[in-house]
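Note that the chains take the letters A, B, C and D in the order they are written out, and that residue 1 is the start of every chain.
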Amino acid sequence: MKFERFGLGLLKGMTVTLTNFFRHPTVDQFPEQRLNISRRTRGNELIWSRERCTGCGTCAKTCPQGAIEITTSTNTVENKYEVERYQVDTGYCIQCGLCVEACPYDALFMGYAFERAQYRRGDLVQSDDALLESPQRPASGYYHPDIAAKLPRQTLLVDRIVEKKE
Amino acid sequence: MTWWPGNYWWHWLFFTVVLIGFVLVMVLMVIYVERRALGRMQSRLGPNRTGPFGLFQPVADAVKILLKENIVPDKADKLVHWLAPVIAFAPVVLIFAVIPFQNGALLADLNIGILFIIAVSSVTTIGVFMAGWGSSNKYSLLGAMRNVAAVVSYEMPLALSVVATVLVAGTMSLNGIVAQQTIPNILLQPLGFLIFFAAGCAEINRSPFDLMEADQELVAGFHTEYSGMKFAMFYLVEYAEAVAIAAIITTLFLSGWKGPGLPPWLWFIIKIFVVFFLMVWTRATFPRVRIDQLMAFAWKFLFPLALINLFITAGQVLIWPDGLPWYVIFINFAIAGVLILFGSKLFKLGWGRSEV
Amino acid sequence: MTTTEMMTFKTEPFVLNFGPVHPSTHGVYRMRATLDGEVILDIEPVMGYLHRGIEKLAEERTYSGFIPLTDRLDYISPMSNNLAYCLAVEKLAGIKIPERGDYLRVIMAELQRLANHCVAVGSFLNDCGAYYTPFMHAFREREKIVDLFDMVCGQRLTYNYMRIGGVSQDVPDEFLPALKKLIGQFDRFIDEYERFLKQNEILLARTKGVGVLSKETAINCGISGPVARASGVSFDLRKVDPYSVYDRFQFDIPVGEAGDSYDRYRIRIEEMRQSLLIIAQAVKGIPGGPVRADVPHIVRPPKGEAYGHLEAPKGELGFYVVSDDSIAPYRCHIRPTSLINLTALREMVKGWKVADLIAIFGSIDITMGEVDR
Amino acid sequence: MTQPYPVKDLATTLAEQFPGAAEAAGDNCLLVRAASLLKVMAYLKGTAELDFAYLNYITAVDYYSYFEVVYQLTSLTHNHTIVVKTRCPGRNNLSVPSVTGMWQGADYQEREIYDLMGIGFKGHPNLKRLFLWDGFPGHPLRKDFQP
């Protein structure tokens, strides 16, 4: 292979690197500068609403990992199930969102937060009241357009590109 | 001979301390410049968390490396493994002994200054090969063999391009070369500069010729099995050599400390950083050359060009014995262009597949 | 002993392990290379470090429960894996997909091809030694695509976006304008990338004529995708066997001649341009309406078998699904594009140097998730 | 569109060329006896108007009483495809002739089937386990595999 173009290609490459040197870097300083994540984000926790849940177990059946366990008892007075314990092992959960999609009563939401690392595997298991929605555990708009509408709009890299400066 | 601060011993003491301090501080600053400039060229920021604008990142690196455990592979050749970084590092600091920071401000104004540099700078290869052999690891042996082959074949064009500048300057002492350079040699010797820059980069395995520790292929080349203090020495060698080559280029081609306004030694340091930025720039842009292409590039492209450049300069020096006039610049640039054009046409970069 | 015999050194080949943990094996792939100095005599691949037995897992999950697992096959282009699996099950169960669902599938598949080729080209140049600059530029553009995927399906790697019978959710309304903006910026990025590397002499020297794969061996080895098209095999499933609505779009298939690493690199760049054309046409022609046929959550396809395949960024990716009229697939075989593309690696690499082994291996662009399954 | 090749008339032409090779012809799949597999495959690949030069995949399915090895072939020139199947009864020391002679792509796939399903391939250049280590007991993809 010869140097057909006697080095011009190399110089052209160097001009591109130089233009990038003077271009605004595409970076965000994560802990200090937090961008808005997607409204439909599937954070690594599950949010369960006790009122809507009827204990039908569809979510436990569709979960490919078998991370959801429900124990219910019969409530003969109002002739419906009473949910004793609703436990999600977020260690097994792969955040695929199939349970949220399958729930016929919209009782399940995906979490919006994603910084939930734990030191011990046991802490990953959440049950009953720990699963309810709260300010620290906001619900994400995955499969819930009404919640998604209220969440802040996602900052897209496509809009943030400061290439207009050239 | 009047020694600058009093008698000879004060002069010697002052300059050794200044030189060692200069090399270490320059290495730290150069590491910082490289990581920031490389970052910005890759549309990212580079280190900015340790200290204001990430200024303490090199210090943090050094502390981290020094605190790391010093692992020696058990089948390694202990003595060779331990000695290699020392032999690799010593010559690099020696090079700075003859480099003038200011008119007359150098440790030893040898009248064979540039010959001393060429001789001393090839000792590091022994250290590198000892590292490759000492750590009894196939990758590092491959890296070390590549380094020996590359340095041997790039000594020739390096020396020839230096001889051309010595012809123009008339003296071999670096102080004399800089003093004589009214027109910076880069204009008088464009081809000489290009050859020296390419051969210099290959010698210290930077930019397109960094085959010695090609991290994609050979994991980390000759210093794969090094960690802790010894790895810090090799890290120091790599950047100190880069500063050394930049310093030699400034003295030989960019008329060292000469410059309007600012104090001369500051000009010297600014020019070092400019040349180093050029190295970082090439490092960010070019892919790596293969080992046989590296050899072919040295022997079939740089070496003939350096020879022709030497003959042309010799002719010019004969025609204008008392310093080359300014219009020679255009002639030399034209010659350089023509030579590169023909060189790249006739020369085949390495051969392909060897029949197996 | 004549002088020549004394002169010639006695060298013997030695085995060098490009081990599972190596900076440029694109995952846990191991090559035992016998070297004579720098020249490679023979390589013997060792795989299985990432074998999770996904095909066995498939037999214990419902048809739609297996979709999240297909994300983990070729984790560089999960959308294409989802789509291939859904095509196979839809062919088996005979499900018809609404128009808008098909258009969204084409948009997502082509965006995924762009993102995959960014990774492929970036890491190929990394293997050739360009110190991470082309890699970072390509990843900056890939970040824009991954942002859009995040907007649509909530995750940045394991999308789980496709469903049997269409797509899981419709795109939010700010998706299409952002996509139009992305197409404009991506065009500028490819032009800049071309200016950066197309005539780069060192890249030409390192890749032209290196690792040549002839057309016959490509077909004989069952190689597909950019690797085959670079050797002159004009076999692209989007044209040869158009699935979903690909027959409505005008685009052409770049085919190389020499079949060396440089052609493979060029083909991927050209394919990126064609994908942009397809996305532009799809965004213009996308109809309204539902995105998903009303298929029960637990699908029970009739007894039988079906093979659904598509043109994944790495080649022909197919799922052979056998059903015995129960809620879980009886057998689900995945056609491993990367594994089959590796069959010719031995011939392509013999006689070249260590540096070329890494460059050729990078030009084939494999992902270990798909090789080991 | 890649049309499935009409299997009915192919079965008849095969019947008089290789008596007793083809057992049955499903909708688009051709059931071939293991003994004469190589002859049929060579015929499919060799004849000009068939020209099945591209092997899509090889896979094996465990139907408890017998194992079925499935080949899908496509012709790039005529753009048609066909599925060829062979059955090997019983559950242990099964073997099917290897097609690596005709399609080099079959090399890794046959090794994978040998590794995970336990079907031996006669004539394979180096039939070793592809993913699992050599000492692995049993073949995991079998229906009756106990970990």
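One rule holds for everything that comes next: a contact is a pair of C-beta atoms (placed from the backbone, for glycine too) under 8 Å apart; a residue touches a chain by one contact, two chains touch by 3 or more.
Note that the structure is a prediction, hence the values are computed from the model and not measured.
Listed here as common contacts of subunit A and subunit D: C.
Here the largest set of C-beta contact pairs joins the chains A-C. Placing every chain at the mean of its C-alpha atoms, the farthest one from subunit A is found to be B. The centroid of the Cα atoms in subunit B and the matching centroid in subunit D are 62 Å apart. Distance between subunit A and subunit C, defined via averaged C-alpha coordinates, is recorded as 25 Å.
Centre to centre, using the average C-alpha position, subunit A and subunit B are separated by 51 Å. Annotation: 42 Å between the Cα-based centres of subunit B and subunit C.
Multi-chain contact residues, meaning those touching two or more other chains, occur in subunit C at positions 133, 137, 140, 196, 200, 202, 205, 209. Touching of two or more other chains is recorded for residues 1, 3-4, 7, 10, 13, 16-17, 20, 26 of subunit A. For subunit B, residues touching at least two other chains, in rising order: 41-44, 284-286, 349-350. Interchain contacts give a graph that is no line, ring or star and is not complete, per the touch definition above.
Remark: subunit C residues 47-48, 51, 53, 55-56, 217, 219-223, 233, 235, 240-242, 307, 309, 316, 318, 320, 322, 330-331, 333, 335, 339-340, 342-344, 372 touch subunit D in the complex. Taken together, the subunit C residues at the contact with subunit A in this complex read 61-62, 64-69, 133, 137, 140, 143-144, 147-148, 150-155, 158, 160, 168-169, 172, 174, 178, 181-182, 185, 188, 192, 195-202, 204-205, 208-209, 297-298. Taken in their complex, subunit C has these residues touching subunit B: 14, 16, 22-24, 36, 38-41, 125-133, 136-137, 140, 196, 200, 202-203, 205-206, 209-210, 350-358.
Put simply, subunit A touches subunit C in their complex at residues 1, 3-5, 7-10, 12-13, 15-17, 19-20, 26, 37-42, 58, 61-64, 94-98, 101-102, 110, 140, 142-143, 148, 153-154, 156-159, 161, 163. Those residues of subunit D that touch subunit C in the shared complex are 1-2, 53-57, 59, 61-62, 70, 72, 76, 79, 83, 103-109, 112, 116, 129-133, 140-141.
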